[in-house]
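Okay, so chain A shows up in both of these, paired with chain B first and chain C after.
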Partner chain A sequence: MSVAKTRSEDGILTDEVRESPVDQAIFGTRRKLLLLIAAVLLVLAALAAWKFLTDKPVVYESALDHYKYGSIGSEPGGSLLQTVGGLLPPYRIFRILPKIAPEKLPGGYASLGLLFEKDHDMPIGVSRRWRLGFDQVGLNCASCHTGTYRAAPGAPPVIVPGMPAHQLELQKFFDFVTSAVLDNRFTADNVIGLIQEDGGNLNAFDRYLYRTQLIPRTRETTLELRSKIAELLGDPSIQWGAGRVDTFNPYKAIQFNWQLGSLPHSELIGASDFPSLWNQKPRVGMHLHWDGNNDSVDERNRSASLGTGVTPVTLDRPALQRVKDWIMVLPPPKYPFSVDEASASKGAAIYQKLCVECHADEHFREGVVAANAKYVGTVVPIAQIGTDPYRLNSYTEKFADQQYSLYPDSADRFTHFRKTYGYANHPLDGIWARAPYLHNGSVPTLHDLLSPGKDRPKTFYRGYDVYDTAKVGFRTDVAEENGRKFFRYDTSLPGNGNGGHEYGTSLSEADKQSLVEYMKKF
Partner chain B sequence: MDNDVIFQPLKFRNLTVKNRLFRSSISGRFDNYNGSGNRARINWESKFAKGGIGAIITSFVPVHVRGRILPNYAMIDNDDKIPFWREVGKAVHEYDCKFIMQLSHSGRQRDVPGVENLMNKSLSSTDNMDTFHGLLCQAMTKAEIKETVQHFADGARRARAAGLDGVELHSSHGYLITQFLSSAINNRKDEYGGSLENRARFLLEIIHAIRREVGDDFHLQAKISAVDNNNALYPWEKKGNTLEESIQVCKWVEAAGVDAIHVSIGSMFPHPQLPSGGFPADELNWWYGGMASSGKRGFLNYTMFHYKALRPIFLGLWNRTKKDRPVEGVCAVEAREIKKHVKVPILNTGGYQSGALIRKVISEGYTDAVTIARPLIANNDLPHILQRGEDPERPCSFCNRCLINAVANPLACYDQRRFPSREAMLEEAMSVFHPAPYE
Partner chain C sequence: MTPYDNLATWYKRVTWFGIFLNATFIFPLLFVPQFALDILGIDCQPLIFARTAGLLLCWISVFYIPATMDLKKYRVYAWLAMFPSRIGGATFFFGAVLFFDKPLGFLPIAIIDASILLMQLFIMLKIREVENPPKGILVAGPSKSAKWAKRAAVAVVLLAIIGGTAWYKLFREVDQTFTSAEERFKYGSIGTEGPEGIPYWIWLALPRVFPEYLPGPGGYNALGFYTEPGKAMPVGFSVKTVGIDRVGINCALCHAGSLRYSAGEAPVLLTGAPTNSADILGYERFLFRCASDPRFNSKTILAAIAPMYKLSLLDKALYKYLLIPAVKKALLKQKEVFAWTNSRPAWGGGRVDPFNPVKHGKLGVTVLPMDDPECAKTPSFCTIGNSDMMPIWNMRPRVEGKMVLHWDGLNTKLVEVVRSSALGDGATPKTLPLDAMQNIQDYIMDLKPPAYPAARFPVNAALAAEGKAIFERGEESCAGCHAFGKKYTGTVIALSKVGTDPNRSSIWRDDSAKAYNAYASSYPWGFSGFRATDGYQAVPLDAIWTRAPYLHNGSVPTLRDLLEIPENRPKTFYRAYNVFDPVKVGFVSDGEEAKSAGYRYDTAVRGNGNQGHVWGSALTAKEKDALVEYMKTL
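Let's turn to the complex of A and B:
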């Protein structure tokens, strides 16, 4: 017999609760059962916590792999109740998306210029991270800053990290992802069926979560995203094309909920070329972005990461720092073909006369800024430079103001953005790999850039990566290769103007050749 | 009917009964709570004696309070009970009816332990709880075995002192002695467990102790379950003793000095095969509640009985082996097999009511007499009816409502179909209290 005594506060015995042997046996069994249930619940809770609260990126040992495939936190995150960030559907869905609407992307992601390497199922620039109970994917810096070149049509492409992704059609990529998710065929049955066919091996619990949570949520967030940037995706007069992105208009809509439809149409034309990401260290303090609207490398990095879908909550600061540390010292790629040194040395002299003040010289690649490069990293007024103004005009004072209101109480608050009224002079390290030229990629080669605006190519194709060593740039005469259609660039369209930067245009052809030869060494 | 086999006297070594009809052990809760007796039992037993039965085997009479099955059952645990039993015996003898006391110990099968037993576990051969209600128990020490053997011997001495005609050992139906005999229950490692011989040791020691106490000239019979069928309810349980094993036990029992063997079946009571007939779920819902706290499985069982949707689960298990046996003469075949192997007379229980069947089993050598409970509750004067060569007009339906009511209410027939009204049924049930002590 057991006796449990209950005493009042002043110690007086108020009751005795006794248990018979049968009670003890029953309560003992019940206690064991409850303990078992509690233990099972605890294990389930631990498993659920492990599944849903774990935030685990795929980690890469080498800095290069981290740059190409590592997560900077652009996958959806936050909490299950309030998911924030992310632009792409979860990993399993992202993989099968081209099969949902096959006619929309017959060539798969590669046909949009996304680069695939052996032993990686995701393209360069798409990271994987376990968040909110599932394998998620996000974009990282490498998506827009990794390019390829080829020596000849039959040669294998060489992947160059940090190089502008001149082959990537980012607008089409977003258009495809959002329209496939919103396609009528994006049903739970269809998606789960395709995932299983794709080797997803979803268990019953995961299938349930896909059906009731993941798939509906993906549709909802995509619908919201698509409706915000609808004006940028559905308008044939707004075409980013290969190698370009409109940095700030999606930003206005996604971060600040601007109604893009209410802006002047001209403001929505803001596409410009992806810049290179190498050799950032000597750029510290320079005015960055094409229009030089920010002189902080850190802010520029964080702002660019917003474009991949990160938020202050989901940003993986150490991972981004690792990328920053790497790109600070990443050397620009050496020109991979032969250089006529005699001609180049002639060109060097011309360069010293005409170009060095604004663009520094070949030694910038070693971090040395030429003493006479007094204008490098500064903004030249638009009236003076004369290049296409659309990109400049799409970044407005009103927008700059709003950038300061972003995350006001956090360390991530921007303090360096400002509206400028011209384009910035950039150093030319690795310039051979940064074709086509000018901020909007309107001039295919360095050689063309030395022609007067009126004589530069009017239309050409972008996205093809076979190199033109004579003119220094990519070949622009190929409309299609292996089913991939390249972007026809029409310089007569708004935002695509190829005028301005009329420097060196009056040089002799031989001098032009020498100058171009010299710039191969950058 | 002249020369009716039913009404031929049955001679035992120390006892002669006027006919072949015995009232088998049965009782309701109408004695005093503490096991002392009152007028009601005299009224109860007199009904059957008056009805022409040859002998009455008493209710389950515990030799110790720790071995009771329900409160309000008269006991024989102390000499102070002798005067009461003497009065009952006298009343029965007035009708030329013999009166045999069933010496009993519940072991672990203690349906309602009562306040006296609330804080103890019952004694048994094993520590394993009973499988039906989850009644708890502990394996007896050798000292406790010795003590309990003596309780049986003392009970026999008191029965003889009360002037009763004999005693029956309740060594069947899953009570304490079965708990030693049955291979499905007894898991002892000492000389009281293991082999059949060891398992029978407790019973044989009791018989020897009784003979030592009362001598050889006092009627002593043993009730034996011919087969255990311990897995009749829950198929995952062990099967228990076989007929062959029981025949061997009967031979040993006969050699030890019993005067008759009373053949039944089942390693527990009630058992799906005995008492035969129905198992009324409505009555279980009404009355099993009193047993819900008796054992570990009581509440679970009660839940099964209470919810109509759950009843088929239990009844499916309960009824699944019934088809193997007839309702009347449920274990006549086993009785015949045992009878072949022993010389002492055989009594057989199990739903006897029809005159034709009773005559058949006696005349064809299945048994020497039959013992009856439920049909006698339905018709106290069944012997007179049979003697007229008739069968009862309102026979027992074997519905077993009496069985389920017994745990809570005065034992009687609760099959309302046999009565003109509910009031008439209850009047008959309460007639056990008439005459009342102060009338």
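Let's turn to the complex of A and C:
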């Protein structure tokens, strides 16, 4: 035991009385107690740091599973005091959301076209990641780029990664998630109760955090998100429908806080089809996006990531790189039904004359760009292609200018975006799986696309995945199946025009059939 | 148990606890490095480095052991464990996170090192005390002066650290680099970043926090600025590191224009041309409105920065406690300085009041609100100078021809005009970078104006030849005033003769000229060329097709309109739309697109009059067409 000391201006007064055995016992115990408390606090602090500072995605061994379920960082992140990014509520809440407002989504997430696989409780395209103390969920590339087809109504759906999610109602999904969180029934009691019923096993500390932090924060961020994109959710004239997304209007609001209400209404109409994501390698250097506004695969990827809820701060670059490496060489799916080779070879000759310059040929799937495909991946002026202009006009020069400030802290800053004045020619690999056609999905089948604009179907249903091998595309006459209502596509609405791209429309019926037969091989 | 034994036991416990904590890093790093790195959020490739770190940590830990077995015998190990081992780790990793933006995952290591170090140090100092017990009851402490010397030394070290950091983060200037003189003109500093620059992240956040204070969606470009494809900043904005990155404006903001041949085409940038659209006062007012809003606070602004960029803890603190409040305060002060503009017509895109801001803000010449009762007695206190920007190319023939500069010819020395313009943009005599100004002067001396896009819009050569004859015809010919080398070109034409709107001319009188000539007299480069005139310059017409709208105040939208008598010129039109009109020569100034992209220009507003300069209005329509055709080729 040491001495007691009193400091004064003149020196140190020492008192050794405390050296007695009694003192030793008293002060020794007290000191030990203090050290014990300090140690406990240290351990608690370490545990809290571990819980709240850990940023750990669920990792998947196979690249395919990583594509389907892996996190690219779209979960809310940043720091505890300043959460950024993310579009979906935390995992536990996301699971029970359909039960909060059952009448809003009676069929569950699957009825919106989200795809569920055995052994996975989250749909394809929804990733899990531990961030900021909780199990969070986010979207990834697969949500919009994984599709299904069926041979017949009774057949099991085949899930094709990289295929446009023609069955997905993304707008309705966001509408549901945000409106359910803002529903009156989204109270702490309800949410925690449903989570416990759902097997959440929240302990007292977590319940406290849910009640005081997570649930209010989820409401707050959702309210902010919803108010930013209100113009895109409430307006019946702005319907994305199945298989479509307005890429750039939510982007304007979420990334740059543009007041969408002060844009011309026509610029808010920009819904277009999800593109396929396979076989990216031969696309390097081509003008990507429907209007060809970017010619860098990497920038396109990082830009698309923003759409999943990533911010430049929360993006998981290695995870995205892993997706990129995979889609660079992901082969397009082979046409799963039979092909009439004789007819196809006739079609090949017609294709060589009419189509190859802009769209390359069937060898693109092997990464070979036909020598005479001199216009593939370039932009055709709108006056020449004549397809619906809304999507083109929704991407403005001022918007591109603002994109140049994204990812500002690194060599990743966007520099390749350009306002264009037309639509890009895309290669047709796996085109059979990319129906409906044209950028806005206004033409249901390849065969219809070879009819003059005025003769193409005026209305049809989208989102149904039974395949139509005669016309090449999905069947469009089914309005509802097992309670899921499909999207009625009306080509007379602004943005949905099915005119333009009149190439091949003057061929004979036999030639058209041969041409379509040939394109099955792409 | 002696006090020493007691302390030695505690030393043993603390040290073994430290070794145990080390082990929680050692084993994961050695055997499951990726797992450990993921938890800590640290990137380390190849993984062998992580394993190596684990291995080294293991060895270091082994060296802690001897002192736990026999502290007396292995005392030096105990000291080595603290210095340099623990203190080195703590300093290194704290520094990495706080100053070098490394992942937070390094922080636990620093915390462990620091805590163990403090505990061990406490025990070791106690042991020293026990081993050298104080002799007697009263022990003499250090003398007063020695104590003060110690305190002073600590204070000096602390001040040096704080001062060094402050200098580094607030004042350290880093030179910009550019690949060409043109790039430097468009994005280079003219010394405005230090005094009036806005920290880059605040600048970037403002349009996202306050979009409602902009005229429309589109960020700053809603104010008529132009961004070249792929560039981070609009033309005319410079980012310079003065401590932190700061945004300032430069000459190109007003002296570079964008023009498109049709609505369905990308614009071309005309460097050196007057901007038709940049709204300088609108930009200032946007900043003022932001600063006046209660949401202009550290919390809101940092929240807007957070998704874009991860500030280091030090930078975050700097923004939170220093920069954001300081910018707010400076902008509110600037708002007061600009209060005189509130009672005057807005400048509008493509226009500026070039000298009232300097008179009021720097020269101490009285500038009163227009509704001030003094205005009736002393009209010179209440003037409106709204006028177009001028082109700044082809300065060599202007200088060599001894032409006057500015619309009213208030100075004739290019070097003074360049420097004073930078002062007008926000540089101060102290920050004025003379070298940069010289670079700009050299650049604009031989900057060539763009040729008319004749490939796109063919010029009727026969018609243009007729026009040329008209241009050069007669005693008071166009050429006499507007062609290089002619008698009146680049001279001041009296107001009574030219007859155009007098407001711009009235803003600059002798008192202002005298004040500006005296303003920087204590600097070796002070001014001497400022003077007052009573008219407007007859300007040379090089690339006049890019310089619409016309007259000094931009009151006449096209060349063809200028050839009409004032009564027949458009009374209102839309300005700031950048699509070229190759027929009337100027920008498209009516129709829906011009209306939505531009703003309404009303010639009835004071300072906006479109009267005067009636030369050519008596020509026949065909002659006028010919004249316009010829002027395309200038």
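Structural remarks
As a convention for this text, the second predicted complex is superposed on the first by the 502 of 522 C-alpha atoms of A that agree within 3 Å, B and C clash if a C-alpha of one lies under 4 Å from a C-alpha of the other, contacts with A are read in each partner's own complex, and residues count from 1 in each chain.
Here is the rule we use: contacts are C-beta pairs under 8 Å (C-beta built on N, C-alpha and C of every residue); 3 or more make two chains touch, one makes a residue touch a chain.
Not measured: the values here are computed from a predicted model.
In the three-chain model built by superposing on chain A, chain B fits alongside chain C with no clash. Counted by residues of chain A touched, the larger count belongs to C, out of chain B and chain C. Once chain A of one complex is fitted onto chain A of the other, the partner contacts of A:S262 are limited to chain C, with no touch recorded for chain B.
Contact with chain B, but none with chain C, is seen for A:P21 once the two complexes are overlaid on the shared chain.
Shared-chain residue A:N372: touches no atom of chain B or chain C. When the two complexes are overlaid on their common chain A, residue A:T29 makes contact with chain B while staying clear of chain C.
For the overlaid pair of complexes, the smallest distance between C-alpha atoms of chain B and those of chain C rounds to 13 Å.
When both complexes are aligned on chain A by C-alpha atoms, chain A residues 1 touch chain B in the first and chain C in the second.
Residues 1, 20-23, 25-26, 29 of chain A are the ones that touch chain B when the two sit in their complex.
Against chain A, in their complex, chain C makes its touches with residues 3, 6, 10, 17, 38-39, 41, 43, 104-105, 108, 115, 126, 129-130, 133-134, 137-141, 144, 204, 207-209, 211-212, 216-219, 221-222, 227, 229-232, 234, 264-267, 302-304, 306-310, 596. Across the complex, chain C is touched by residues 1-3, 7-14, 28, 35, 39, 42, 46, 49-50, 53-56, 59, 78-79, 82, 84-85, 252, 256-260, 262-264, 311-314, 318, 381-383, 396-402, 404-406, 408-409, 413-419, 421 of chain A. Across the interface of their complex, chain A is touched by residues 118-121, 129, 134, 136, 293-296, 299 of chain B.
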